[in-house]
Amino acid sequence: MQPAVEFRGISKHFGAVKANTDVSFAIAKGSIHGLVGENGAGKSTLMSILYGYYRADGGEILLDGQTRHIRTSQEAIAMGIGMVHQHFMLVENMTVLDNVMLGSEGGFQLKPKRAAVEAKLREICARYRLDVDPLAVIHDLSVGAQQRVEILKQIYRSANILILDEPTAVLTAQETASLFEILRLFKEQGKTIILITHKLQEILDITDTVTVMRGGRVIGAVPTAGTTKEDLANMMVGRQIINNLPRAPYNPGAPVLHVQNLQLQDGQGVKLLADIGFTLRAGEIVAIAGVSGNGQSELMEILSGMRLPSSGQVDFEGKALPFAGRSDADGLPRTIRDLGIAHIPEDRLRDGVVKNFSVMHNTILGYQDKLKGRWGLFDFKAIAARCAALMKDFDVRPNNHDLRIGLLSGGNQQKVVIAREVLAQPTLMLVGQPTRGVDIGTIESIHRQLLALRDSGVAILLVSVELEEVRALADRILVMCGGRITGELKIEEFDTTRIGLLMGGMHKS
Amino acid sequence: MTFDDLHLGSILVSTVRNAPVLIFAGMAGLFAERSGVIDIGLEGKILASAFVSAAVAYITQNPWNGIAAGMLVSILLATLQAYVAITQKGNQLVAGIAINIAMSGLTFVVAQYIFQQGGRTPDIGSARLFDVVLPGTAAIRDVPFIGWVYAHLIGGHSVLVYLAFALVPLVHWLLYHTRFGLRLRACGENPHAADAAGVNVARQRYITMIVAGVLCSFSGAYLSIVQSGFFLRDMSAGAGYLALTAMVFGNWRPLYTFLGCLMFGFFAAVQIQIEGVDLPVVGRLPGSLIQMVPYVVTVIVLAGLMAKSVAPKALGTPFVKSR
Amino acid sequence: AAPKLAVVYDAGGKFDKSFNQSAFEGASRFKQETGINFIEVQASSDTQAEQVLRGLARKNLDLIASIGFAQQAAVQKVAKEFPKVRFVLIDGVAQGANVNSITFKEEEGSYLVGVAGAMASKSKKLGFIGGIDIPLIRTFACGYTQGAKAVNPKIDVFSNMVGTTAAAWNDPAKGGELARSQFDRGVDVVFAVAGGSGMGTLQTAKEKGKLAIGVDSNQNALYPGSILTSMVKRVDNAVYDSFTQVKNGTWKAGVTAKGLKEGGVDWALDASNRKLITPEIEKRVLGARKDIIDGKVKVIDIRSGAACPV
Amino acid sequence: MNNQDLPRWATAFVMPLLNLLSALLVTALVIHMLGESPTESLAILVNSAVVNPEGLSYTLFYASTFIFTGLAVSIAMQAGLFNIGAEGQMYLGGLGLTLAMLAFDSSLPAWALIPVGVLGAALFGGLWAFLPGYLQAKRGSHVVVTTIMFNFIAASLMNFLIVKYMIPDGEQNPASRLFTEAAELPRLNQWFPILGETPLNISFFLAILALAVYGVMTTRSSWGFKVRATGLNKHAAHYAGIRISKMIIVVMLISGALAGLGAVNSVMGSTHYLSLNFVGGAGFIGIAIALMGRQHPVGIFLSAVLFGALTQGGFDLSLEKQNIPPETVILIQGLIILFCGAMENLYAPVIAKMLNLKK
């Protein structure tokens, strides 16, 4: 049978970076094809070329056996190609409906079409069991829901070839499962699907074949049936990946953080956090599990001083955090950081780094006042030396501290943030989604760092939606749902079903 | 001071007459900025189209030729801005300011070169745009209040005034209820999303800038061939900046921008009326202090009433397909 | 040899529809009649004024005519440095043995047009539109009001200023808008002293069938039938005379205040407004004119520190 | 259109030069149209602005003011604030300075008067920017709008104050009285007689000093780091513990103070009295300078000198060439901003191609 898509000798470079070199492989019609590789391996670039977003420097693409020149996204769309991008391509201040209509409005006036499209969307939602309100505005939606909108867009446009670039990075297990349900349905309908993911289990679960890329080249393409996670990991990073990292025995020290009766309401009086209370001790990792959007982010924001609680008490090393008597959180993160609380923010691009600063400048963000030299000015020699050491220790690539951090891959940006916060030698470390969108090799090294931190006696509060990650790191697990803590487990009691129930709001009974 | 001293009627009519310059430019700015291109060059485009409109209207003795020529020049400048913003990916603020400054000089130099009247065009005389007299005005004119409203408040203005007011619902419709508007807003908010959805961002922005250029040209034409009957150097007198202010004030939304323009028009009219009048409490304010009334009111309204204004997210950043 | 002459305009430029333009006209008339050329420069800031004057003085000019009060400090300074060069300062007073300062009694001319306006007004409401609220403009306003109230103490004078920045001299839309507003308040004669902005006022008066009064030069012919008269301020004559005096060797330094008597200011009556000026108006204005010249009527000049009496 | 791939000498020198030439080419066309010789005009321009020492002195004199307004706009831009109000802030700075002079110029010696004047200018300029800063920080009122409004308000207020309180009796000129000699800034011509009777004064050094301090503070101090972080990413700045609202207010205060200092050169250095609308657009030119100089101290300096040279050279040009009105300079300014500021990468593809050909 004709392959649906065939790449022949695709090459693409960005300046000196060779993103794709002589990439050739074929994707069978009606199959689900996995694409894996480290961060920066060239997966997204290749797919962007297929989608007409970039143009290849050389090589050709065949669709159904015919050479096609795909110069723009419009042309790709016209050829039946759809893509769900790694970073959402949604207009935040518009409704789902408008986002779906954008680019395929079907006439100059929107009004006559709107009702029909809305009806069709509702029908699609019902058929594929997608929980999306077509009239909701994007910025009111959770990440998971936004992901569903992206899928919805593609279903609406009835793409025959669907590219999904890391669609599951921000989804919960349940959301992923229902996405896969939909993909299987697509497959039954004869659509071709290309799935990029860093989660090898997903590759095994759903794909028919898998292509592995490294350094812009294809390392191999294998049928999924005959491969294992270990094989894939080996092909991806060229070495063995250890999933269960060794750790020192659980031996918690004195209580470091004591949260009592914490409440948070938003401007409209909606309760975001209710009755949050827990204790965190030195030398332990407490993970907060839960579907994203259930108050974890808000809790981290409060503890790091980025946001004020409505009421409640938070004691750090026996003293209350200075929330009282403040009208806003302006400058509070500084006070809290000075107490010895470090914070790896969940949204690294928004909060964690200044994209237009160099890597070096980003390594002092938040600690800028601690690094003064003569006359209160920066001692850039010392800072650069420190930065070089840090980049070496945490294996930040490329090892050039003058580069704008925006040019680094997400994984490498994350390493810089983690290194910065670790180097501050905190008593308490707040960690939000540390490995989102990061490849397996990097995940391993990030996990190593966090465990080393724990072993050295730092108290760590970890928010993660990845149960795998929770299992790999946590000593104790708190589960949150609807702004409340619905349950607590020790790591020995780890049980996916039980946690799933708690995440869904089933109370500790 | 009695209520009558306020001459509310006069203020309202004056508001209606003052506002179009700002409305046209404000709507132009709105289009440009909602598509992601900062348009601080409104002032320059107003000035250029005011000059060309007056010059051509005078030479051909036909206001419509003047308007058409002004439109052409304004489109040209808008295209230049678009070229800088979209193709060159240059700094849009710089482009706008450059256009403002260059036009301030060029209009004078050319006007002086052609007409030798100190950067002024001759009075265009009968080539001015006529005022519309609504049907039945004569009959109803003497009916108290209603007659005045019909003959003076609603009627008796230039066609451009009606165009300006009609523009507000039109812009609203275009922006929110058409493909053009949907794509335009998407380009201003998240051009990457628009591009991925198959919208040609560059083309959309070019077209938008041209439409904005057309709208802006009416502002200039209104100034020179409706309000004044000739062109005078720097006669835009900051109208472009005020329009921009009204737009930011109106949170980049047509109706509120329109209200912002009306507010400026209204307070400019009030300011005229209270000059030299004994006011309660403060007494008679000196003229120079009264001049600040519209501006002080704007600041107060902005600080007191309005929620934070939120600019289109992609405003001012060129669309580049990489990080 | 022909004298070397120069005119230095202030920031308004030589086409400001006001005193700079008038100076330009005077100098041009001299050039036409004598064939003697003159240098002209515009000084856009006070700093430039000094620079220009010094630059010209170095060229050993015979006479430099500085137009506008803004150049006062510069003239005073440079005149001291170059005692051999002669200076004429218009609208301001500068000390120096080589400076002739010429000011005008704008209040007297304004008084006359105030009289004419009050006589012509049916509503007994007059309007005044100034460019910026500065002493010079206030002088016009006060003289105008004095004249109007001399005709009828009950007359109302509405006064508006165009703005507070240099743009105020080039904003005909606002000049027109102010006129409209005044007409709405019942005004039927308006006096515009606002440079280019005043053009908008005259234009609007014509459009609305009201009367306007021009300023500085004789603007009667701009809209015949709508311009009641003009308050002419003969800066042109001042410049022309100075040039002539230099040519004839009769130039003298000093301070001159030119009023009606000296022919510095006047009202304008010509074919264009002949029909508007009824015999009664003419008689009354001429009467007032004679009274002022004879000293029987004293028009208050607010620049002397006195408050405007009306 | 990626100029990152080009060597530094090309982006730093060749391209700006080509852009400048393009602007001049268009200008030449206009001058030709006006009936004058472009080459002669250029010669006059260059000669009068830089070659002739007196002209150069004037160029630097104007540049001194422009450096301050350029710095004022730049520092605000670093913090992500677009301060369009330098015009009004400089105007108010002139008021602060003048009030100080009127109060003390007959009682204090020169060495004390100068700092007092500088302080007065900075203080009033800063305060005039404070309110827009405060409203932005606390009420979210867009600083672009408020600063535009404050320009208008400043014009009205100054008009009122000067006419009502400052004109000496019997004077027509809407200006304050002349300050005493003690209040005059020392001029450089007393050390360099070649500069002739020109107003270039020690505030030029003050401007250079301000540039240096600005350069050091923005690139080397933690304060500057915080300012830039705030400008580039408010969320990250908040995360980093920066007090955003305080930062906005402080930066606006400093921006206003810098704009206010622009008045020192014009008023204390040249006219020695405060007159109506003495700012004459220097604040707006500051915007162009900040944008063209890309908020870099060297860039600001070069742009300020370029604009100073145009002011001076253009003035002489219109003096010598009767067919070229002074307004032509405004056109040239606009063209230079357009080519050098907005279309800075116009020739990047051409140069890249030529370099590749050579390889």
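Per-chain numbering from 1; labels A, B, C and D assigned in written order.
Convention: contacts are C-beta pairs under 8 Å (C-beta built on N, C-alpha and C of every residue); 3 or more make two chains touch, one makes a residue touch a chain.
A quick note: this is a predicted structure, and the numbers were derived from the prediction, not measured.
Undergrad: Counting C-beta pairs in contact, does B-D beat B-C or the other way around?
TA: Between B-C and B-D, contacts are more numerous in B-D.
Undergrad: Round to the nearest whole Å and give the separation of the Cα centres of subunit B and subunit D.
TA: 29
Undergrad: Rounded to a whole Å, what is the gap between the Cα centroids of subunit A and subunit C?
TA: 75
Undergrad: If you average the Cα atoms of subunit B and of subunit C to get two centres, how far apart are those centres in Å?
TA: Once rounded, the distance between the two centres reads 34 Å.
Undergrad: Could you please state the distance in Å, as a whole number, between where the Cα atoms of subunit A are centred and where those of subunit B are centred?
TA: Subunit A and subunit B have C-alpha centres separated by 45 Å.
Undergrad: Two-or-more-chain contact residues of subunit A, please, as numbers and ranges.
TA: Counting only residues that touch two or more other chains, subunit A contributes 355.
Undergrad: Taking each residue of subunit D in turn, which ones touch at least two of the other chains?
TA: Residues 152, 155-156, 159-160, 163 of subunit D touch two or more partner chains.
Undergrad: Residues of subunit B that touch two or more other chains: which are they?
TA: 119, 233, 238, 286, 288, 291
Undergrad: Identify every two-chain combination in which the chains touch.
TA: Result of the pairwise touch check is A-B, A-D, B-C, B-D, C-D.
Undergrad: Can you list the residues on subunit B that touch subunit D in the complex?
TA: Subunit B reaches subunit D through residues 84, 88-95, 97-106, 108-109, 112-113, 119, 233, 238, 241-242, 244-245, 248-249, 286, 288-292, 294-296, 298-299, 302-304, 306-309.
Undergrad: Please name which positions on subunit D make contact with subunit A in the complex.
TA: Touch residues, subunit D against subunit A: 2, 4-5, 216, 220-222, 225-226, 228-229, 232-233, 235-246.
Undergrad: So in the complex, which bits of subunit A are touching subunit B?
TA: So the residues of subunit A touching subunit B come out as 14, 51, 53-54, 72-74, 77, 83, 85, 87-94, 98-99, 101-105, 107-111, 153, 355, 406-407.
Undergrad: In their shared complex, at which residues does subunit C touch subunit D?
TA: It comes out as residues 11, 13, 40-42, 44-48, 50-52, 54-55, 69-70, 72-73, 81, 91-93, 103, 132-136, 163-166, 303-305.
Undergrad: Spell out the residues on subunit A that touch subunit D in their complex, using ranges where they run on.
TA: Touching subunit D from subunit A are residues 15, 304-306, 328-335, 337, 343, 345, 350-357, 361, 364-366, 368-369, 371-372, 376-378, 380.
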